[in-house]
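Two complexes follow with chain A in common, the first pairing it with chain B and the second with chain C.
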Partner chain A sequence: MGLWKASILATLVALTSGLPASAQDTITIGSSLGLTGYGSLTDGHWRDGLELAIEAVNAKGGVLGKKLRLVYEDNKSTPQQAVVVYRKMMSEDKVVAFDSGCISAGNFAAASFVTKAKLPMFLCSILPRLPEEQKWAFSFLPPPKFEVDARYEYLKNKTNIRKIGILGDPSPYGMLMRNIALEDAKSFGLEIVANESYQQDDSDFSVQIGRINAAGAGAIIMIGQGNAVITVANNLRQLGLNKLLLLGSINEREILIEAGKVLGEQYLFPAPMIQVAIDDVNMIADPKARAAAEAFLTPLKAKFGGKMDSAQASRAWDSLLMLAKAIEAAKTTEGTAVRDAFEKLGPYVGAGATYEFSETQHIGITKNPYLIAHVTKDGKLAIKYDGRQ
Partner chain B sequence: MTLRVSISTRLGSYGTFAAISAVGIALLFALVFIQGGYLLTVMQLAMIYGVFCVGLNFFMGYTGQASFGQNAFAAIGGYGTAILCVQFGWEPVAALVASMAIASVASLVVGYPTLRLRGHYLAMATFALGLITYDLSVQWTSLTQGYMGYAGIPPLGIGRFVVEDERLKLVCLMAILLFSLWLSGRLRNSRFGRALRAISTSEAGAAALGIRISQYKLAAFVIAAVYASAAGSLFAHTVGFISPEVFGLQMVVVTFTMLYVGGVGTVLGPAIGAIIASLLPEIVRGAGRFQDIAYALALLVLLIYLPKGLSTLADLGKRRPAEQGGGN
Partner chain C sequence: MPSSVELIQSLVNGVGIGLVYGLIAIGFCVIYNASGIVNFAQGVFVMLGGMFAYSFLVQIKLPLAVAAAISIALVAAIGVLVQILVIRPMWQRKAPMFAIILATLAVQLLIEQIIILTFGDQPRTYPEFTGGGPLKIGDIAIDYQLFWILSCGALMVGLLTLFFNKTRIGRALRACSQNREAAALLGIPVGGMLMLSFALSAALGAVAGILITPTQYTSYSVGGPFGVNGFIAAIIGGFGSAPAALAGGILLGVVQSAAIVLFGAGYKNVIALTVLLIVLLFFPRGLFGGLAKRA
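Right after this comes the complex of A and B.
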């Protein structure tokens, strides 16, 4: 054998030796996450939820007699990197399914070749757009409309406020939500008298708040996650506008508490039950849902000390437990069989929500999971209004 | 020894470097081609960025001007090809060429007033161009579908011949990059290229030689835009999906890195930079959550020891003029 051929062979052997030796004893699940970039806030929690679920499944003996293994890669919140990491997990890690984060564009960019490979995708994001891709994707994200409607319903049923102002950021999530907010207001008898924007790194919102107040709004519907809401709360306090209600977006627990410390019950927000009930699981009335929440919160508190946000991580936990259940039901890790088994799981009461996937329903959360909450004086979350069916 | 001297004499140090680079890149391709897997995707993206950088090099390298807004023309290429193929059922190649034509007209219209600016002002104006295009791609949802993006863009192909196989995609993209490089090399050493390089050295001097500065700058800007548009279209056909994030600020940062790592103003630099800067993150992937730090450190080392880029490796062996001249 010539020197050239030998070198090529040696390089190939070196490259292939990097594959996991125990691949036959484990079932590998891949996850494309925006651990850096604009998605880092949410996707970090998604990863934590997945890891907790993997540990829980493996502690009970795994699936089909094999341990589950999670491989995750940072897509840097961009579609280009998402394509690379999805391909990497398919070719190098031999994943049998994906359970990926909330970067919609990244998941969309990869959907075509993941679909061709017949691998199911469980997503924190919305579904890809093409019908053939949707057959392989399952969304664990509450439809954005629910978040808007929960706030509008509260205003309609519990207050006399009928004029509102919107204050939103230009993120993908924000843009989508703003359009829904503009379209839905009328059906709740609300009038939008101001429609203001901000950038996520703005350090003052006094001008926008002033315009909303001058337009006669009784409440600000804030659209956008992150700590901008704390600045808005401080601006409201500084401007002395103590009758202008602030209805924020869903957010991190710590951010909610910081904004709540400034405004008290003047600041309300939609939250899933699991986020409010983290300190007292008995708040959950339904025994099945309470048991599911307890199973998740116990390891969460043990690992993170109970200070971690539970909203996102709980749905990641649910998605992985449901995937494990589907693999168990399919008795194989083959993509088509797992997908079909998943569609037949039926209603599933999870820690984060109740899911109703089927062959024709690939958006699992069909009932509004949000209640309206506030921050108490001792810095805990409490229910203000629960309009869930 | 005699053979080495003979090769060096025939090719010159740059020629030797080009030959070594070509052999190195060919070996790398062979390895990726045989191994397959996700490195095929990494190399496909490297080829696409390479085309973009070869174009950018016309304006920034040969002409010595600053542009932070070439992503605008990549967006025109990407969205142009996506809309023409998905909405109107055009053939991918026809859509790619039409998008390049649209980008060239757009660059003419934008470049004519903008290129009257110089230095930092030109950089700011081109940066604004990129930001405006990004905002348009987000806000003009009836045309671009906003953040939801365009899916289902067909792969490259002519008639019944469709490039769906990942290896074949890489071969096609490599051929396109090689053609781009060949064109760049030919133009660099032409009368036109010499005029651009004269502008880069001294605008006043070039003007004194009778070079119409504004026309040549505009021509370089249009060429860079056409290359960027082609890269945008190639991305769309290779990945099958585009959204505003693809053509955002990150594209500017990534392509600048590639250009400077490879060697701005050289013929091969943009391609070498694109390949190295694409492969580096994969080489340091094992660093896990420290991957970005490892990547940045590697880039830092490269730029400290090779400030003019990897393509100047050829000059390392050269003796300095003072040493050569023995003090004369």
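Right after this comes the complex of A and C.
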């Protein structure tokens, strides 16, 4: 009997010492992602960027002598499921930090108990609302104002168009952006002559476009991501309105290209440099930024090919490399120490943008990262206006 | 108050999208009349039509007519497969109708997932069949694609009317819709007719998808909204004849378009559903079914 007990004990010890090569020699980072539902496109890219960064960090020996491990769960783009997956990753996977996707409502719903557990959150989304929660969260999302201002600046500096129409979706993010667009127009010398809405699954926007045109607008400021911009482009062509400029929202590369094929240079959009430079990294003038972009684009292209969208993935890559740097600086994975070290990283030139986090600044992108781009005849993205021309 | 140009333009746009709803509605009617099944996978046939046409036209660069013919044939074959693999076994086991209808919903989700895995989740579009538009009449713009949709819609309705009235198979299908047991006693292969109805219905969905994609886009997710609107159009039309379903679609398209002009985009579906409720209240068998009955 004693021998049996000893054998069982020995087997258990052997098994436990084998398993936790993962638990003991790795640092686990959690990620709540909307891999299904409305956030699937953006959050899928966020995951790809995180995985690339983890591979890159581990190839160089990891952090504090340990390998990084990514655990991600599908929150189905809903806050209810996000709460479930956040709790699961905290209790079962023992994550030391979260690097989560763009589903703001999901990140908001989990922020209270993640904060109580003193785990830092690095987010693709905007920051949670409560100040106590914001102390533990860091946003890698460019503020919505930048997306509006990039378009307004182009109109002001490069065109004679002064009357514009807004065509926006009624999502919370879309409404936030619409309010910014309404407030900011005057400071750029622009007059909003029409303010129209649409639903994401609408199959025709001719009526709204016709009203914007009838109001005398020279450009449509479209607010809202997703496939709808292709229908808007097709409707503009069908109505024969070839002088009405379409300034769309930021979008997936493939969506931009499909809409660009329809309208050519009549369709312009804000894009971060990394999204345009995927075909030619030499477009990036700053050597430090070019080196950061190259370090990201090389493994990205090797793994996914040249057609991959780089906008979201690059910021995910940056967020994880910065987190690794903070853990290295803190010399521990303890939440408070990592958070404090992250705040002290200083300006960081990443692949997707330049970030300036500090104790009081938890929205990292403080300078407008967008330029105005268009789609060339051979289906590539090109710079139309970068603010310096 | 909207201008007359806005109202006429919205009428033109409404007719265009309404014709597509109408084609989808006819697809609903063909299966429903042959079997009593409401096929909620009808929308994915629209999506598949656009997807296949894009592949053959843009990627393989086949001529339009060839690309369209192959796409329609492929989607019709998928319709037959759905009938053989899902509907027929349930039908033979005498599954309740609601279970079969639920199964068609599952088929829609399944096909959408297969499309994501094989074609990806990115949207696709291709140029209109006739370039150089639109036709301008004063300030009203009529896109050339509308003429394609209009003529193909009319052709489909004409062919279906001939098929149902002048051919033995068509008449057999109608017999099944009136009384399946009696049709079987008369030696009509009811199972075969059901398979034919799925093929026809899928082909109609594919035609709608091929026609509408140049005016917007196709992607794995477009089937749902098209299916819902086609279903509403079929109810308004009365689930009876092809012309009634087409008229139901046009009415729905025009009402939606006018609702945007008069009340804004947010009210489009509210107004459309209100119209549906009013129709059901006064014409429980659908607008045209009700009218026919009164007449």
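Here are some notes:
Operating definition for what follows: the second predicted complex is superposed on the first by the 366 of 389 C-alpha atoms of A that agree within 3 Å, B and C clash if a C-alpha of one lies under 4 Å from a C-alpha of the other, contacts with A are read in each partner's own complex, and residues count from 1 in each chain.
In the analysis below, a contact is a pair of C-beta atoms (placed from the backbone, for glycine too) under 8 Å apart; a residue touches a chain by one contact, two chains touch by 3 or more.
Because the structure is predicted, anything quoted here is derived from the model rather than measured.
In the overlay built on the shared chain, the residue A:175 is in contact with chain B alone; chain C does not reach it. Looking at the shared chain after the overlay, A:203 reaches chain C, while chain B stays out of its contact range.
Applying the stated contact rule after C-alpha superposition, one finds that A:211 touches chain C and leaves chain B untouched.
In the superposition on chain A, A:239 contacts chain C only, with no contact to chain B.
In the superposed model, A:88 lies in contact with chain B only, and not with chain C.
In the superposition on chain A, contact is made by A:104 with chain B only, not with chain C.
Of the two partner chains, neither chain B nor chain C is touched by A:358. Using the contact criterion defined above for the overlaid structures, shared-chain residue A:252 touches chain C, although it does not reach chain B. When the two complexes are laid over each other on chain A, chain A has residues 170 in contact with both chain B and chain C. Residues of chain A touching chain C in their complex: 40-41, 170, 196-199, 201-204, 206-208, 210-211, 214, 227, 230-231, 234-235, 238-240, 252, 254-255, 258, 261-262.
Residues of chain A that touch chain B in their complex: 8, 11-12, 15, 35-36, 74, 76-80, 83-84, 87-88, 90-92, 104-105, 108-109, 111-112, 128-130, 133, 170, 172, 175-176. For chain B in complex with chain A, the touching residues are 30-31, 34-38, 40-42, 45, 138, 146-149, 151-152, 235, 239-243, 245-246, 248, 250, 282, 285, 289, 291-292. If you check the complex, the residues on chain C that touch chain A are 2-3, 5-6, 9-10, 13, 16-17, 20, 121-125, 128, 133-134, 136, 141, 143, 145, 212, 214-217, 219, 222, 224-226, 257, 260-261, 264-266, 268-269.
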